[in-house]
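Across the two complexes that follow, chain A remains constant while its partner is chain B and subsequently chain C.
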Partner chain A sequence: MKVVGKSIPRVDAYEKVTGRAIFTDDITFPGTLYVKILRSPHPHARIISINTRKAEKLSGVRKIIKGIPFEEMKKKHAIFAIGGCIIDQLPMAANKVRFVGEPVCAVVADDPDTAEEACKLIEVKYEKLPAVFDPRKAMEKDAPLVHPKLGTYKILPGFYPVPNSNIYHHYKLRKGDVEKAFKKCDVVIEREFSYPHMAHCQIEPHSAIAIWHSPDRVEIYSSTQSPFIVRDFVARAYNLPYSNVRVYAPYLGGGFGGKSDVTIEPLLVYIAKHIPDRWVKLTLDREEMFVGTVVGRGVVGKYKIGAKKDGTILACEIEYILNSGAYGEYGINVLCGGSQNSTGPYRIPNVKVDGYAVYTNLPYVGAFRGYGHPEGHFMAERMIEILAQELKMDPVKLRLKNALRAGDKNAIEQRLTKANGNLPLCIKKTAQAIGWKYNSKNVEKVKDGFIARDVSAFMKSPVQATNAHVTAIIKFNEDGTANLLITTSEMGQGSSTVYVQIASEALQIPVEKINFIRKRDTEFLAYDWQTVASKGTYAGGQAIIKAAEDAIQKIKQTASKAFRVPLKNIKYKEGFVYVKGKKLPITKFVNGFMFPDGRTVGGPVVGYGIYTPENLQIPGIKKKGLGEGQGNISASWTFGAQGVELFVNTKTKKIKIKKIITAIDAGKIINPKLARGQIVGGMVQALGQAIMEKIIYSQEGVNRNPRFTDYKIPTLEDLKDIDIQVIFVESPDKKGPFGARGLAEHSTVSIPACVANAVSRALNIEINEIPVNFIQISRR
Partner chain B sequence: MKISFKLNGKRVIVDTDPMKRLLDVLREDFNLTGTKEGCGKGECGACSVIVDGKIVNSCLFPVCQAEGCEITTIEGLSDGEKLHPIQKAFIEAGAVQCGFCTPGMVLATKVLLDKKKNPTDEEIKEALSGNLCRCTGYVKIIEAVKKVRRKK
Partner chain C sequence: MEKFIKISKLADLKKIKNPVKFLAGGTDIYPLLKDGFLENEFFCDISGIKELKETKIKKDVLEIGALVTFSDVIENPVFKKYANALYESALVMGSPQIRNRATLGGNIANASPSGDSIPPLFVLKAKIKTNLRTVDIDRFFMGPKKTILKKNELITRIIIPKEQKESYFMKVGPRKALAISKVSVAMAFKMQKGVLKDVRVALGAVGPTVLRAKKTEDFLEGKHLSDRIIKKAGEIVSSEAMPIDDFRSLAVYRRKVAGSILEKILEGRLKWVR
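Now for the complex of A and B:
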């Protein structure tokens, strides 16, 4: 292969190092007005009244907008609530607030300072309601109900709300018979786990600028991973033809799932509707990034696992409870993805998973890099470690013994093949690189503490809709260069570059001849579900290859017409057409073939290709012959293993990470440098989550650390003397472009488990809660 | 109030509220949007610019303090056609992902290398620890700085 497998520089690097790359907040239009949101100070309260009189008098204030109750909206405005799988949210609170930070009122003003000043002058009277923050408490019978009308909400088939409770989805996965299997086990253990809410901390805050053109056309520029989902939600909520809603995604300053689905867009469109024909802009400040948009993680769980003396795991029973916060649309599938994969990458013949997505009076949970997998794997990999101790077996050997491999069926009853990758090899390579000593404790006493190691494994599937299509268009220009059009958002993951490489390889023309179109615009480009789930390379790549094949076919068709030879006698190679013994450049064909007398046959060449997930099924819809929750839910899998070596100081209880490793079988690596960048970035994010990060709430559900000085993410100081390694195992995928699979989220999955395992083993304690810090250690 | 300073090598005068943040003056009055706002509290370094040879969080810097100063933003680093060696090194090392922290990182690197031709790894980490990056895990950023260090 010519360019696939080579580390070409990013196509967007030049714009980014010169400061010319345009992000949403860099865009303003003449006459742009600015929005500030007044947010709820209460976790659960009825809104009695909103007095805006003083605020309205402030010079520069253009409009103050309140929420409209659901019923009233339906009648007067034909405006409906927000959601896809579950419709449970209004763009702005009306009657009731359900978490601290929920939008209550918006001020539109000439400048952001005036809007902020006006917010302070608005007087809102609330009547406090009993609130609930703990998901287990929220599941109790007499718990305050966050959504008393849950039973009446519109919800898609395959999701199971429990009316008159806070459980808005109960996902069940059943394989075999766990009761029977546990009786056959020599060892059965049970533990509880907890993984707190965390913040994505993209350095670019959410930003959107929108206009409602009267009477019924909307344009939105937004820092979104999901322009087509935004269009879908906005069009449905405001009863607009899809053709009248334009969503444009400039460069994103990091996404990590937090900018997927919809975030501030329905709210901003609601505001724009009240002040039509003016551009309105909303950029969240850093505190709002912590309290006013989706948070991540937030899982408590109970895990029971049983094995034979020889280490053969027979059964697991898992309760996976998502502390989903006040609204469900963004967490409902995180719950599915997380709980479905909470077995870890192991062959377990009997599985019972109950996943509960639970409303609480906290900010709502959305996608966060790993999509539920880090939470589930934290439990699974801790359990394997504890099981190994019970069995007096080497934990790496226990993993190898039970690791999923070709021929095995996974928990959802998919048969794995060699083309799904080689997990045992990843585990062995990680063990070797971390210096794992088999049949030893892997803990060494040193001055002031211990050095300990761990190896844990992971799997991740691109949790996606069954119609998660991606369209690619390759448009040839008269000079033989090609424009590549695909709506995948560029948020740093590097898909633009990888796409150019795939297109170059498939079209057999140099990368320099391919212009990647940077405008991700629903008005001009074709459908691309959303940029999530590490599916860009896998899905977008397939679409590009098909578009390239289509374009080449069209070039050949023109040649066939021009030279009156059957299509099969025409060969295409590296930018040249071979016909009747002649070698002609494609420039002769890409805009139709012209004879010397001017007659022309054929036309401009535009290749079209789609990726569509084949035969995917919705997890919650029962399929014939399968257990509940089983079926063809995952289009692909990527397996791998991670290792950590750390020093834990027994005096200060501080942890110093010395080495972290990821061995991943992501199939063919299209661009090693970019792939490595993704994996290293993911590992460092995961390290932050493992030892530093946690949103702290007060008794009243108020976020107590909504800034970088209090919610610490890794800085360069924290990475002193860490040896970071990435190992690629490249078993080619059957469907992925040139054998590639997804890899961007995966390195976040098992680092927290590795850290907890190593520290637990070093100190002879059990840490089953994240983050693993001195507070956790001191408690035990 | 009229404030005059040197911006990317050119003398400029701006008539504005003296307490307006330098960040906003750069972005709004001069349309230099390469300087980014990440937190508005001086905690992330995305808005870093060079003021009289020092790295400054422009979100905490009232424009009146810029009077008579020499200010360099990311737009002033390359001469329009040729990239600065630091920018080149960032591209070559793969130190750029989403690109939002990149302008600040590049400028912080410049201040470091202007002061010290051959900083140690420790000094690099210290100099850049005020600039947050959530994408790269910093590894390639350090590599980029080392690349320039070697060339110098």
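Now for the complex of A and C:
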């Protein structure tokens, strides 16, 4: 292959390093007004009154907007409710607030400072209601109800809310018979785990600028990973024709799932509706990034696993509880993805999973790189470690013994093939690279502490809609260059570069001839579900290859007409058409073929390609011949293993990471340097989660560390002494472009488990809570 | 009445009539300002007062201008020579950007129990000179964010005696850079024929203000360094710390680690003796 597999420079590098790349907050239109949101100080309260008189008098204030209660909306036959799988949220609180940070009122003003000033002049009277923060408590019978009307909410088939409770979805997965299987086990262990809420910490904060053109057309520029989802939600919430809603997504300064689905857009459109024909802009400040949009993780769980003496795992029973915060739309599928994959990448014949998505009076949980997998794997990989100790077996050997291989069926009854990758090889390579000594403790006493190692495995699949299409368009220009159009968002991950490489390879023309179009616009481009689930390369790449094939086919058709030869006698290679013994450049065909006398046949060449996931099913809908919760939800799987070597200082109780490794079988690697960058980035993000990150809430549900002063993420300084290794195992995928599979989120999945395993083994303790830090260590 | 004035000479202090907040590097003021805590304050920008940016080496003392930045402390070799603990604290304080702006005077006036320059100044027997008086640093702090400074009283210089002493600083924070100390320890002593003399130990972030660990000082005074003595000193310092549980850390952790840091400093010194 000419360019696939080569580390070509990023196509967006120049404009980014020179500061010319346009991000949402860079965009302003003449007459733009600025929005500031007044947020709830209470976790659960009734709004008694909102007095805006003083604020309205402030010079420069244009409009102050309050929420409209459901009942009033009903009278007007317009319910601006937000949701896809579960519709449980209004764009702005009305009657009731459900978490600290929920929007209560918005000020639109000539400048941001005035808007902020006016917010301080608004007087809101609340009547406090009992609140609940702990998901287990929220599941108790007499717990305060976050949504008393849960039973009446509209919900898609396959999701199971429990009315008059805080459980808005109970996902069940059943395979085999765990009760019987546990009886056959020689060892059965059970443990509890917890993983706190965390923040995505994208460097670019959420930003959107929108206008409601009267009477019924909306334009939104937004820092979103999901322009088509935003369009869908906005059109449905405000009852607009989809054709009248335009969503434009400029470059993103980091997404990590926190900008997927919808975030601030329905709120801003609600505001824009109240002040039509003016652009209104909302950019969150850093503190609002912690309290005013989705947070991540937040899982507690119980895990029971049983095995025979020889290490064969027979059964596991898992309770996976998502502390989902005040609204459900964003977490409902995190719960499915997370609990479904909480077996870890192991062959377990009997599985019982109960996943509960639970409302609490905290900010709502959404997608976060890993999508439920790091939480589930934290439990699974800790359990394997503890099981190995009970069995007196080497934990890496135990993993190898039970690792999913070609021919095995996973928990949801998909049969894996060689084209899904080679997990045992990844585990072995990681063990070798980390210096794993088989049948030894892998802990060494050194001055001031211990050095310890761990190897854990992972799997991840895209948890996606069954109609998660991607469309690619390749538009040839008269000079033989091509424009590549696809809505998949470039948020730093490098998709635009990889797409150019795939297009170049498929069209057999140099990368310089391909112009990647940076505009992601629902008005001009065709449907693309959203840029999530590590499927950008896998799905977008397939669409591009099909578009390239379509374009080449059209070139050939023109040649066939022009030279009056059957299509099969025309060959295309590397930008040339071979016909009747002649070698002609494509420039002769891409805008129709012109005879010397001016007569023209054929037309401009536009290639069109779609990726559409095949035969996917919604896990919650019962299928014939399958257990509850089983079914084909994942278009592809990527397996791998991770290793950590660390030093625990028993004096300062600090953990120093010495080495981190990911071995991943992501099939063919399209751009090794970019792939490595993404995997390293994921490992570092996971390392932050493993040892330093946690949102700390007060007893009243107030975020105590909503800024980088107290919410620490790793900096370069923390990384400079770490030996970071990435190992690619490249078993080709059957469907993926040139054999590629997804790899974007995977490196976040098992690092926390590795760290907890290594520290637990070093200190002879059990750490089953994240983050693994001095607090946990010094409590023992 | 203007909310913001700027003066460029110390003498102009007298002209200020309203009570003001002094603005030097702004690294502590800015976050407060953003949070709306200083909305009704008047500000006086002193960052242009040249005479407060100098460090003078006098016969017996080092006279440090209050506007000397942490970067200055790192770059000017005189600090490493006469005030090593202060130099070591500057190395690990904030980030390069913050060190370029943040001043010693500001770090003292802000009076945070976790202010990185303060424990070193305690053990170096610093005196704080203001436009009105000169005070020992031991008597300067009244509580968290509280000092003896009166309205419009400005720290002008920090005076450190030029004794032939060794001094050290170490801190533990949540990560390597840009991290508020969870615990910090400064210590100074003279080593005479293998015996510790004139020992001073100060602890940061484990009490309402930076604390002197007097029991530890008394214990170490006149002792030969040995592994046993170091271990014992660590235990004593842990018992002297008065930390609290807060969302940044746990008291039990801070107490233990204060001991570990002191031990680490002394172990380093012991290795050198051998």
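Keep this in mind: the second predicted complex is superposed on the first by the 777 of 780 C-alpha atoms of A that agree within 3 Å, B and C clash if a C-alpha of one lies under 4 Å from a C-alpha of the other, contacts with A are read in each partner's own complex, and residues count from 1 in each chain.
Basically, a contact is a pair of C-beta atoms (placed from the backbone, for glycine too) under 8 Å apart; a residue touches a chain by one contact, two chains touch by 3 or more.
On a predicted model such as this, the values are computed, not experimentally measured, just so you know.
Contacts of A:Glu204 after superposition on the shared chain: chain B is touched, whereas chain C is not.
When the two structures are aligned on the shared chain, A:Thr715 is found in touch with chain B and with chain C. Using the contact criterion defined above for the overlaid structures, shared-chain residue A:Glu179 touches neither chain B nor chain C, since it reaches no partner. When the shared chain is aligned, chain B comes close enough to touch A:Pro9, but chain C does not. Contact comparison for chain A: of chain B and chain C, B touches the greater number of residues. Of the two partner chains placed by the overlay, only chain B lies in contact with A:Phe23; chain C stays clear of it. In the superposition on chain A, A:Gly253 makes contact with chain B only, not with chain C. By the touch criterion stated above, A:Glu574 is placed in contact with neither chain B nor chain C.
After overlaying the two complexes on the shared chain, residue contacts for A:Glu123 are found with neither chain B nor chain C. Contacts of A:Glu72 after superposition: neither chain B nor chain C is touched.
In the superposition on chain A, the residues of chain A contacting both chain B and chain C are 708-709, 714-715, 717.
Against chain A, the residues of chain C that register as touching in their complex are 31, 36, 172, 174-180, 247-250, 252-253, 256-257, 260-261, 263-264. Chain contact summary for the complex, chain A toward chain C: residues 120, 651-654, 692, 696, 704-705, 708-710, 712, 714-715, 717-718, 774-775, 778-779.
Residues 7, 9-10, 12-23, 25-26, 200-205, 251-256, 283, 285-286, 491-494, 673-674, 676-677, 680-685, 707-709, 713-717, 719-720, 724 of chain A are the ones touching chain B in the complex.
Residues 27, 32-41, 43-44, 46, 73-75, 77-78, 83, 87, 90-92, 94, 96-103, 106, 122, 124-126, 128-142 of chain B are the ones that touch chain A when the two sit in their complex.
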